[in-house]
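Please find one structure pasted underneath; my questions will follow.
Letters A, B and C mark the chains in the order given here, with residues in each chain numbered from 1 onward.
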Amino acid sequence: MDIFSYSVTMLGTVAFAITAVLASSKQGIALFGACVLGIITAIGGGTIRDIILDVPVFWSLDLNYIWVGLAASIATFIATPFFKRKLIQSLVLYIDGFGASLFAIQGMDKVWDLQFAMPVGPILLGVITAIGGGVTRDVLAGRKTLIMTRELYATPVLLGCILFSILSHIAPEHRATWGTLCTAFIFGIRSAALHWKLSVPDWLMTKTAEEES
Amino acid sequence: MDIFSYSVTMLGTVAFAITAVLASSKQGIALFGACVLGIITAIGGGTIRDIILDVPVFWSLDLNYIWVGLAASIATFIATPFFKRKLIQSLVLYIDGFGASLFAIQGMDKVWDLQFAMPVGPILLGVITAIGGGVTRDVLAGRKTLIMTRELYATPVLLGCILFSILSHIAPEHRATWGTLCTAFIFGIRSAALHWKLSVPDWLMTKTAEEES
Amino acid sequence: MDIFSYSVTMLGTVAFAITAVLASSKQGIALFGACVLGIITAIGGGTIRDIILDVPVFWSLDLNYIWVGLAASIATFIATPFFKRKLIQSLVLYIDGFGASLFAIQGMDKVWDLQFAMPVGPILLGVITAIGGGVTRDVLAGRKTLIMTRELYATPVLLGCILFSILSHIAPEHRATWGTLCTAFIFGIRSAALHWKLSVPDWLMTKTAEEES
């Protein structure tokens, strides 16, 4: 991984840890819990992916993921009021969205290289890489998981992963380009959702009890 | 696996996905969430089993499990009112019970062939194969897990797995017969529970606070 | 493992299973659920550790862990009122604390021997060994996980694991001594917390909404 990709990945790790601690801080969480939730959110998705792939978990080969997640968790714990400022929190949400886009495509790349369960494997594990940590965080914190909300978070990730898969099948020689493109695609939809407060449209929701015949 | 067993397994996969989407539809779930819950319920148990066995996850070797789970989830999402019709829903519950019976015994068979942690391993992992997906679904959907309910769902699975283990130890040469028999045994109890609305009897429940001395 | 360590480990397994069944019995749990929760609490942490390490899960090599966990779960189920007596319950809580101390250090020892993700791996997986089962139990039982509570349970485990790591780096030749020492250290803090009803101090908690600027 080149130095730019690496820096960007670490930035995503930081954002994941910060959002985890912020989201849980309302309930009054202890330092230990903050670090656990921060680290799990940052590395959880990739860990589940690697266990299913049966390869060494990625952070065991590069402990910086743990250190960076830990440092971000502790910093957020100490300076919660700072991170809760409107501008900072908004910035963190965008970086978090960028992290999810990046992790999804990086995850797919890894699975693709291993040719695991093609063509479904990369999509499935790309989505897991991006949202697995956040879902685990929600379960441990006793919150509604992001799978059950109307937030436009997981859906753009899925669409981007499907797009990356299609493009890479059509023109495998340009996979790096498709990766950049699809990361931008996911981040674009997520940013639009954050900016205009968009949520999953009604026709993509199950009918509620009243509407049913 | 012969064509009959294979068809029946796919039918179980379909039923698991349908019940997952139906059970979550009341809360108003997005298409993405419906597919995730449907697929996880259908393949979750076997995935946990294969990770503990440290063998390739079964769906990575036959993607039909994913496709079938996905198709059933989308169909249920689109046609929720149809699947909620009393007769259809009742039929689905029976097929779901049959799926659990089948998955339990198939799971045990796989573990037995690997001679993993005999004689406890097959029973433990058989139960996990049958109910692991449903439990994960309940956790992700924020519902009371089926471990904590009085429903006669997991208990017949456990009894059938124990019975299969005993019979296969006594007469290993007839294991295929015992498998069919125990699938029928589990499905029989489950069907009776569905038909007569039976639940776990009082003497198999912990005493509640009032009864304690 | 010598006979003393082995007996003590089994005692910890018993305590974990008993506390799991006791904590869930208020909700009125069925025998099946009691056994599942008891066994998962007793072996869950070590199972997650072994899956991340990619080594055979420990209980598959020694089924006594399952048998002992099962027996303790059934006994507690049958004799709930006995185990809820003040003195017995208090004793069980101390043994449970001792179990957590022991499992943490034993877990670290295993990871250390494999030189996995040094120096962070042993600490991370030591904590997971000690509290992973309890956290899984809380999730399955629909309770607030012990990560989110103010109870002094996980924090001493973490401190003890960090201490063990530091001491073992300074003087690796005395690791066995450090292990005994750190087990005593964790158990000491946990006992003090139980005896004087201590919880995580305010300065280790995130500020609540009112206090924030």
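As a convention for this text, a contact is a pair of C-beta atoms (placed from the backbone, for glycine too) under 8 Å apart; a residue touches a chain by one contact, two chains touch by 3 or more.
To keep track of the chains, here are their UniProt names: A, B, C = Glycine transporter domain-containing protein.
As the structure is a prediction and not an experimental result, all values here were calculated from the model.
The rotation relating chain A to chain C, fitted on Cα atoms, comes to 120°, given as a multiple of 5. Where chain B touches chain C, the two copies mostly use different residue numbers: shared numbers make up under half of all numbers in play.
Taking each chain's centre as the average of its CA atoms, chain B and chain C sit 30 Å apart. Among all residues of chain C, those that touch two or more other chains are 51, 54, 139.
The part of chain B that touches chain C in the complex is made up of residues 51-52, 54, 116-117, 120-121, 124, 135, 139, 144-145, 147-148, 150, 154-155, 158, 200, 204-209, 212-213. The touching residues of chain B, counted against chain A in their complex, run 21, 24-34, 36-37, 47, 51, 54, 56-57, 59-61, 63, 66-67, 77, 80-81, 84, 139-142.
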